[in-house]
Amino acid sequence: MNNIIVIFSTTLFLAVSFSHAIESDFCVGDPSLPKGPGGYSCKDPANVTTDDFVFTGFRGERTTNNILGLNGTLASLSTFPALNGLGISIGKLDFGVGGHVPIHSHRTSEVIVVTKGSLIAGFIASNNVAYYKTLEVGDVMVFPKTMLHFQFNNGTTPATAFVSLNGANPGTQYVTGALFAGNLPGTLAQQITLLSEDEVMRMKTFLNTA
Amino acid sequence: MNNIIVIFSTTLFLAVSFSHAIESDFCVGDPSLPKGPGGYSCKDPANVTTDDFVFTGFRGERTTNNILGLNGTLASLSTFPALNGLGISIGKLDFGVGGHVPIHSHRTSEVIVVTKGSLIAGFIASNNVAYYKTLEVGDVMVFPKTMLHFQFNNGTTPATAFVSLNGANPGTQYVTGALFAGNLPGTLAQQITLLSEDEVMRMKTFLNTA
Amino acid sequence: MNNIIVIFSTTLFLAVSFSHAIESDFCVGDPSLPKGPGGYSCKDPANVTTDDFVFTGFRGERTTNNILGLNGTLASLSTFPALNGLGISIGKLDFGVGGHVPIHSHRTSEVIVVTKGSLIAGFIASNNVAYYKTLEVGDVMVFPKTMLHFQFNNGTTPATAFVSLNGANPGTQYVTGALFAGNLPGTLAQQITLLSEDEVMRMKTFLNTA
Amino acid sequence: MNNIIVIFSTTLFLAVSFSHAIESDFCVGDPSLPKGPGGYSCKDPANVTTDDFVFTGFRGERTTNNILGLNGTLASLSTFPALNGLGISIGKLDFGVGGHVPIHSHRTSEVIVVTKGSLIAGFIASNNVAYYKTLEVGDVMVFPKTMLHFQFNNGTTPATAFVSLNGANPGTQYVTGALFAGNLPGTLAQQITLLSEDEVMRMKTFLNTA
Amino acid sequence: MNNIIVIFSTTLFLAVSFSHAIESDFCVGDPSLPKGPGGYSCKDPANVTTDDFVFTGFRGERTTNNILGLNGTLASLSTFPALNGLGISIGKLDFGVGGHVPIHSHRTSEVIVVTKGSLIAGFIASNNVAYYKTLEVGDVMVFPKTMLHFQFNNGTTPATAFVSLNGANPGTQYVTGALFAGNLPGTLAQQITLLSEDEVMRMKTFLNTA
Amino acid sequence: MNNIIVIFSTTLFLAVSFSHAIESDFCVGDPSLPKGPGGYSCKDPANVTTDDFVFTGFRGERTTNNILGLNGTLASLSTFPALNGLGISIGKLDFGVGGHVPIHSHRTSEVIVVTKGSLIAGFIASNNVAYYKTLEVGDVMVFPKTMLHFQFNNGTTPATAFVSLNGANPGTQYVTGALFAGNLPGTLAQQITLLSEDEVMRMKTFLNTA
């Protein structure tokens, strides 16, 4: 019987040789190695443990007493390198009353599910039609890739939602930040938006980039 | 001034003509039309409303007093056709004490976040190494595409989790169901698993397919 | 000799049977048939002619005496259905002095080449860093997918450029149009941009959507 | 006990509802329905049987007494519609002595394995470097996608090989056929190849297209 | 005349400069360099020879006198690094009488062709419907990606088959191995399969992991 | 007020932390680092400037007094590393009278737009049907991926065109160069094309590889 077991183990090993090195099932990112268009190089699989596949950054309570009334955490490529090459990420959003995620876009589609409170959420299609609605606890909305979208807690209590995106590194771009919070000159910002010079300067002053 | 507005509107219309028909931003599935490898044909965008992009099927409480101790709902291609072509889906899992999702696989990667209770969750890589851990509220785990995985409520209270998958139609396959609950003959099931004839028959009797 | 020719023709036909139906090389879109996430259904290849593969919509001079100082034409899925499934499109942009393409984004990356005059062109990355420069005749700039970008003729003469995008239907979205020219309520526009109520109303009045 | 079985079956059904309609696992092509860039529309899964997944067209002996000394059969999209959307195809090549597959290319990569006799096989990279070698029984060679390649039985006995390509519809294009066997005018063929007028006319006469 | 040749060579060089560095046509994997989600880094193309593109590991006879009655060899990423980035692999399976490949799945679709003997082959869809049939010499079957499948020599003579998969590294996962041959605890294996404790322990003892 | 600004800046920073490291928006290639199947490793984003995204290699006049009557420049991966991972490239073609791009193919689809003079352009489908036409200034033609195609200035004046391809590294392969200008032996070239021995030797002598 022992012999059979040994033979079988060997045989199964042979069979398993059809399968491949463990790094083919996953590729936990190693930021110390070169990065390519598809993500990070893989961490040596010999050093990968279960903890690599678990993200604990959503634990605990978050405060939302800031000007956006928002606290957001994203488990994405940089904070959860196990997502490298797997094409998915997940975030937690805590909204104070009146809190919101400003209008933004990213390379991936997104689903949101509300788990506390309520939110107005919506996106705008490329023909300028806005699709928006108040979501209750348990409701899901999908935002198609690249389309501008937003979430806003217009309720009377705090709200929480989870979002998931089909990319490890969605590349979120906020319109307000892109136009006014970086190094784009105010005159250019004005010309390419048709906003008034006064408003552009007000925003840049507000964001300390005037 | 009126003239300028009209001109501008026309001009902006011209500019927007760089953009394209609304059906390019999304393709809400119409199950009454032909389906291809990439999903359903698109519903006429003239009939698309905000409600198409919102799924309310997670509302309300779910009972888990069945033999799996599980109640699961998936917002995927068939139940939420707005996902058509967008490559993402989302599910809600309610576990009773001892409840579990049996071992299964699908075409897509998955993230899970625990929102109530705790769960043992894990996956097994192609070299037979199992990565599993008890997840607390707020914890996220990722299951790489195609790898067998499971969730099990080994705690003393009910548990809830949300899962998201980077495909509109993940194609979940349960090992136990595939082997014993369908039309695969018991003799074949035995030969390709090395399980005993007795156990195969016990399972098929249990699942009413003997 | 004749026999050999016949045999050869037959033989070559057999060999060519390794190849496949003509519709596999291309799939000229037929808008009268169902459309899926990947594009239009294919026109019957028996009715496809060379003219399907040629777009003549860039011929002739264009006027730019409108408020944007811009005249743009895009050969994309809807105007040039031969692009269906091929993942590429091309546009021509004529700018008057001071003319510009307002800030926008799309699902695809883009290259621009200036063929007359000069343009300031640029994009803004997701960390709000703007990359912009004056392009001379012959210069090329690349705008990475999804990133907000713009072109502006700050020169003293009209300018012309060609753009190419790696998608048949890029889905261009203009920020100004999305926020102010459609059905998004002004109060929401204000909240999700941090712009002032006055400016939002000014824009909506200007665009006739107040 | 019976109750438990019933409950369990119901429960398992619930669990299986995470999975999706059967047509998501495969999409057997139905040529009578519209075709899109990604392939055929799916046959109604209720009418799909095991026979759809089995191709028997390689059975039996093939003659090779034609001018190419070749008999090839390809199980691809048109002859084996179960491949629709699955991105793979397989062919069988029987070579007489001196038989060959003329130089050709296709949209997909290809592996070849020799099962009888021997073959010179090779491809040419875009820098004009040819990689070619005599393959013995059991040898495998890979031809990278789009690269021109060929197989030639320079041995003294018939040869057989199987090829597999990572596309359901590779779109094989033969250089000789493209240049001389279709409707390309001889003068154009000459100009774009630098071949002599005499040789072009000799080929077109040989292929009966002069 | 010589001058023309020289000029032409130069000209052709210019023309070929439209093409690109040789490493773009292929990317033979170099396991000593970092690996990313898409595969290995490329071997220096200056050191690539024809032998890189040829795999000889299928040569010779294989014994099948082990408990599975199987001998399998796979030309995949790790054994045939020229497949790196090309998305295809090929395997040879030798079955003794009663030999079989246990039930398994992988990330890619697969075609199998029988070249000696006969085999029962099949796959199970996600709704638990099994599609299986006896294949004769020359018959091909396709197994859709991710679906559990198997091959079993129920004939009276040895059998041989070739398989091809549309991925360089399919990641084959055997159900029996995943559940019982690795480090998954028996109690978990039991709970997530509904198998009996006795059977689980019997399997783990058999596979020497109890 | 100052406080609010500071808080807001912090808040916006939090929000922007949903976005990701700048290298996710683009991946300017660094040829000194390992290259993978998807392209080069990324240049350190801290060293990326606007100049990386601008290509000036089309500036100035080009001579076409060579045997092809052609001068071509391609902004692709090797000459414009910002294209790395972005899947697009662009070229400029200057044709003398009678100048042409010999018949060739590449991994990507291509659009061409004529900006000066006129050109006969065309491609040949895998069933040997040639689609070709004379293009005037402003006309666009599309060449489906992998299909053999050509451009020829049959007009009486020089011509210029821009081409764009949906790949950063198209991998252009010229038939004439592949067959006669490299190391493929003449006897093989003859056998796999059916061209005459004399013509093959004439071509190899002409290209100095006899």
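Chains: A, B, C, D, E and F, in written order; residue numbering restarts at 1 for each.
Everything that follows uses one rule, which is that a contact is a pair of C-beta atoms (placed from the backbone, for glycine too) under 8 Å apart; a residue touches a chain by one contact, two chains touch by 3 or more.
Please read all numbers here as calculations on a predicted model, not as lab measurements.
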item	value
Path length in steps (a step moves to a chain that is touched) from chain A to chain D	2
Relative to chain A, chain with the most remote C-alpha centre	D
Averaged-CA centre spacing for the pair chain F and chain E, given as whole angstrom	34
Whole-Å separation of chain centres (CA-atom averages), chain B against chain E	27
Multi-chain contact sites of chain D, meaning residues that touch two or more partners	16, 19-20, 24-25, 34, 36, 38, 86, 101-102, 106, 122, 125-129, 132, 145, 147, 171-174, 177, 181, 206
All chain pairs that touch each other	A-B, A-C, A-E, A-F, B-C, B-D, B-E, C-D, C-F, D-E, D-F, E-F
Chain D residues touching chain B - in the complex, by the definition given at the top	4-12, 14-21, 23-25, 27, 33-34, 36, 38-42, 84-86
Sites on chain D touched by chain C in the complex	34-38, 66-68, 70-72, 74, 76-78, 91, 101-102, 104, 106, 169-174, 177, 181, 206-208
Of chain E, residues touching chain D in the complex	16, 19-22, 24-26, 49-51, 53-60, 75, 80, 82-83, 86-90, 92, 109-111, 113, 115, 122-123, 125-129, 131-133, 135-145, 147, 162, 164-166
Chain C contact footprint on chain A (complex, rising order)	100-103, 105-107, 120, 122, 124-130, 132, 145-148, 150, 152, 171-179, 181-184, 188, 191-196, 199, 202-203, 206
